[in-house]
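Next come two complexes built around chain A: one with chain B, the other with chain C.
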Partner chain A sequence: MAEDLVLDTAIRDWVLIPLSVVMVLIGILRYFVSKLMRSSNQVPDPKMIKEGQVVIRARNLRAAANFIPAKSFRSRRVYFSNEENGLLYVPKGQAQNAQAQMFSDPNMAMDMMKKNLSMIIPQTLTFAWVNFFFSGFVAAKIPFPLTQRFRSMLQNGIDLSTVDVSYVSSRSWYFLNLFGLRGLFSLILGEENATDDTQRMMQMSGFGFDPTRSLGAEKDSLDIVQHEWALPKFEQRAEAVLKKLVS
Partner chain B sequence: MCRNSVAAVLCDTAASAFRVGGRSVCRWRIYVYGTKSLVSSKRREIRREKAMASRDESSVPRKQSSDVADEISTFNAENMQNNAKIIYYSRTFMSIIGGVIAGILGFTGLTGFIVYFLVMAITSVGIAAKAGFSVLPYFNSWNQILIDGFLGGLLSFVLFWTFAYDFVHIF
Partner chain C sequence: MVSKTEEDQVNRLESQVENGGGGEWEYLCLVRKLKLRRSYNVLKYGLSILNDPKKRSAIGPEEWTLYEQVAAAAMDCQRLDLAKDYVKVLLEKFPESKRVGRLEAMLLEAMGLWEEAEKAYSSLLEDNELDPVIHKRRVAMAKAQGNISGAIEWLNKYLEIFMVDHDAWRELAEIYVSLQMYKQAAFCYEELILSQPTIPLYHLAYADVLYTLGGLENLHMAYKYYASTIDLTGGKHTRALFGICLCTSAIDQLTRGRNKDDKENLQLAPLSALALGKDYKQRAPNKVSMLASTLRSLKLSS
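And then the complex of A and B:
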């Protein structure tokens, strides 16, 4: 069934372009709104910052372990990971406490709810708008063929069953825009933009466990490190570099 | 040293040797490209930094590992992140452009996806060429510029492909 439907030019003018433009504008609006809302109530938590800095120090130690003599590396490692007062050592009971506390903290919960809402509400509103105004006609043609199983998903408002599956309704154009404009937003809005919902959801689910679990992970990876002091080999390396320079 | 104004080779080694307990110890002070970091250590080594001269700083991959003889590799995390970001931006942009091209030229079906893979391959070659085909100082491995993020721009490609195709051919 490969006949070509002739579609009205007005559909292009009044459906495709306005829908795309509206979604881009809503994305930009959401970005700025979230930036404004975020900066007003952001009091950094000193405990979390302290833990973050400890993790950074441990990571630096791990990265540059081979540049210090074995004894000093070992003494630093013990400072981080020994049992009584090591910085990275968190007893099991306390670990879970911190996690539960994070979730019942009213401020944090409010924050996460606000972020969730700012993501969901524009999408819901736009979807309702699309359904109300732009339903019941063929909106676009996808350039690649799809199987019949996609028909119910893509051709929602169209009640003819003989039309090619490539001709889709405006609802699928909305979804196509939703996923495809993410790349565009990352280009025009810089790195940190609130429109990438899947990334945000991953961040939010990992947020509550972050401090205590990362300490344990850092301690484990620090314990794994094999120390091999780089000094004895440096003369050979210097010789190699000099040879390359001279030749 | 301002981060945004590096444009030339910066390798300033100031050596001062003095004797400690019978052995001479040299101290070297070295400026690493992009950030000012004082590395003073008790080893005798010459580190040669090849800096990339660039007009547009933000779109150029920056050196991530500062050792020429690479048994010990030190990674500058911020440069690595910058390079990864550059790859991502390049791929997204090229997939959008590729989508528009495929739509205008009227490719349908499998041919369009072949255009997508072609565009991604061109992007990889372009990035490799920009890094002077010596990928290791700038990226973790060849895989990072060849395979990583290959399918990330697919959705944007399809969106702009559909858009342009509908515009031009069904308008």
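And then the complex of A and C:
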């Protein structure tokens, strides 16, 4: 049944716009709060820095391996992946401990908790506020047609099953803003802002093992690399260049 | 390394400011961002901004960054009185700051009070183990005092932690070359080539070191790296062209009695000689005869 529901313009004035404004303001507030809370512990861990640099160096070695002579490449490879004291070698036992260590280290745990809280609490509060005040009516119409599958997601508060799926509730407007305001925030607040929820959520999944796992990955890829010295090719290219120059 | 557009921008701003066209603050910001060392200009323009209270208030909170920049430039130009004044101003404003502490230690170093500066740097490092600038200043101090082996030691320790800092590798390579420790210098240049393989400067330096080390294998490698430099610079690099000629003649000398069958094809030498001749004719026509006689002597020795 594709009948056109006429939506009151008052909905737009009193629901959509205030909701967006409130979310932008909360985002800005969170940004400043996170900046205030962050300035306390700035000491970087020496081991983390060294590991990060080792990874970059190993990556450079892999990328430009063909530019250095074979002997130097081999000696560097041994240096990195040597069984006893190679830079990238991580014994099995240690790899598991990394995450446990991260949780037991008080500073790190506090840091993570703070970041989590600053993300979860405003989201929860705003969501509850939206549900309380703005539920039970149709808020907007999506301009393109959708399938019936989206009904449960987009029409939470509306208990009529015959309304076209394009008519959504204000909860879906909230979610739209949540994911969509990221671009706006990077315009207003500059590149680095704590409101990047989606990015943070993606980071959370791969957080724990970052250093030790990347070392192991680098070691494996380094072991795979075949060295093929590119310099003879350069010699021929130089010949061509000079020929062109001289002629 | 600065990109071409940024270099053009800096030069343009510099000429603009020199001719009295304003834009000093932008110039200073750009120099600070690109970490260039134009101390004389920075000092001149920075002083003009800082001594004019109207311009100073126009900058607002960035004033303190400007103080730091001009203080460092003053130390570089040996205007220690100015540097001392600015450091004092910064100390009053930020009494417990690490950045100002670093500047203070730099002032001690500029005044030549090595012991105090060493103590200041060590205490700064205790608080903050991982400040690369302090490590590097310690190396610079050791080098300025003539303690080259100390500089090497500090630099190696720094590079154990921060192994991606290619400026540090370059500095280490140059120190090794000055001490004639060519094998170690070759290692450093290899690191540089690994991190930035498209910069011809590193290929050229590596080729020079290999050529100096000598030995047939090294000479062959040096030949190849000179060739890669020529390729990367489009054939215009005079030093690389000369390098090819010298390498060819050296290889010829070494393989003089050997079996001519497994001699590699060293085609580049005559080509580079021709290229050199063309270049000299264009740029230094009165030296063409000298060039011709040198090349002839190289060929004759084979």
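By definition in this document, the second predicted complex is superposed on the first by the 203 of 247 C-alpha atoms of A that agree within 3 Å, B and C clash if a C-alpha of one lies under 4 Å from a C-alpha of the other, contacts with A are read in each partner's own complex, and residues count from 1 in each chain.
The criterion applied here is as follows: contacts are C-beta pairs under 8 Å (C-beta built on N, C-alpha and C of every residue); 3 or more make two chains touch, one makes a residue touch a chain.
Everything numeric in this text was worked out from a predicted model, so none of it was measured.
K.L.:
With the two structures laid over each other on chain A, which partner does A:Ser72 touch: chain B (first), chain C (second), both, or neither?
P.N.:
In the superposed model, A:Ser72 contacts chain C only, not chain B.
K.L.:
Looking at the overlay, what does A:Lys141 touch: chain B (first), chain C (second), both, or neither?
P.N.:
first
K.L.:
For A:Val246, decide between first (touching chain B), second (touching chain C), both and neither.
P.N.:
A:Val246 contacts chain C only, not chain B.
K.L.:
Thinking of the overlay built on chain A, is A:Arg57 touched by chain B (first), by chain C (second), by both, or by neither?
P.N.:
second
K.L.:
Taking the superposition on A as described, I'd like to know which of chain B and chain C A:Glu235 touches: first, second, both or neither.
P.N.:
both
K.L.:
When the two structures are overlaid on chain A, which partner does A:Leu176 contact: first (chain B), second (chain C), both, or neither?
P.N.:
Only chain B is touched by A:Leu176; chain C is not.
K.L.:
Have a look at where A:Ile49 lands relative to chain B and chain C in the superposition and call it first, second, both or neither.
P.N.:
In the superposed model, A:Ile49 contacts chain C only, not chain B.
K.L.:
Thinking of the overlay built on chain A, is A:Met110 touched by chain B (first), by chain C (second), by both, or by neither?
P.N.:
neither
K.L.:
After overlaying the two complexes on chain A, where does the chain B footprint on chain A coincide with the chain C footprint?
P.N.:
Overlap of chain B and chain C footprints on chain A: residues 63-64, 67, 231, 234-235, 237-238, 241-242, 244-245.
K.L.:
Give the list of chain A residues in touch with chain C in this complex.
P.N.:
Checking each residue of chain A against chain C gives 43-44, 46, 49-50, 53-54, 56-57, 60-61, 63-65, 67-69, 72, 231-232, 234-235, 237-239, 241-246.
K.L.:
What residues on chain A touch chain B, complex-wise?
P.N.:
Touching chain B: residues 7, 9, 12, 16, 20, 63-64, 66-67, 140-145, 176-177, 179-184, 186-187, 191, 230-231, 233-235, 237-238, 240-242, 244-245 of chain A.
K.L.:
Quick check on the complex: what are the chain B residues that touch chain A?
P.N.:
It comes out as residues 41-48, 68-69, 71-72, 74-75, 85, 88-89, 92-93, 95-96, 102-103, 107-110, 112-113, 152-153, 155-156, 158-163, 165-167, 170-171.
K.L.:
Please output the residues of chain C touching chain A within their complex, sorted ascending.
P.N.:
Touching chain A from chain C are residues 128-130, 160-164, 187, 190, 193-195, 197, 221, 223-225, 227-228, 230-231, 234-236, 267-268, 271-272, 274-275, 278.
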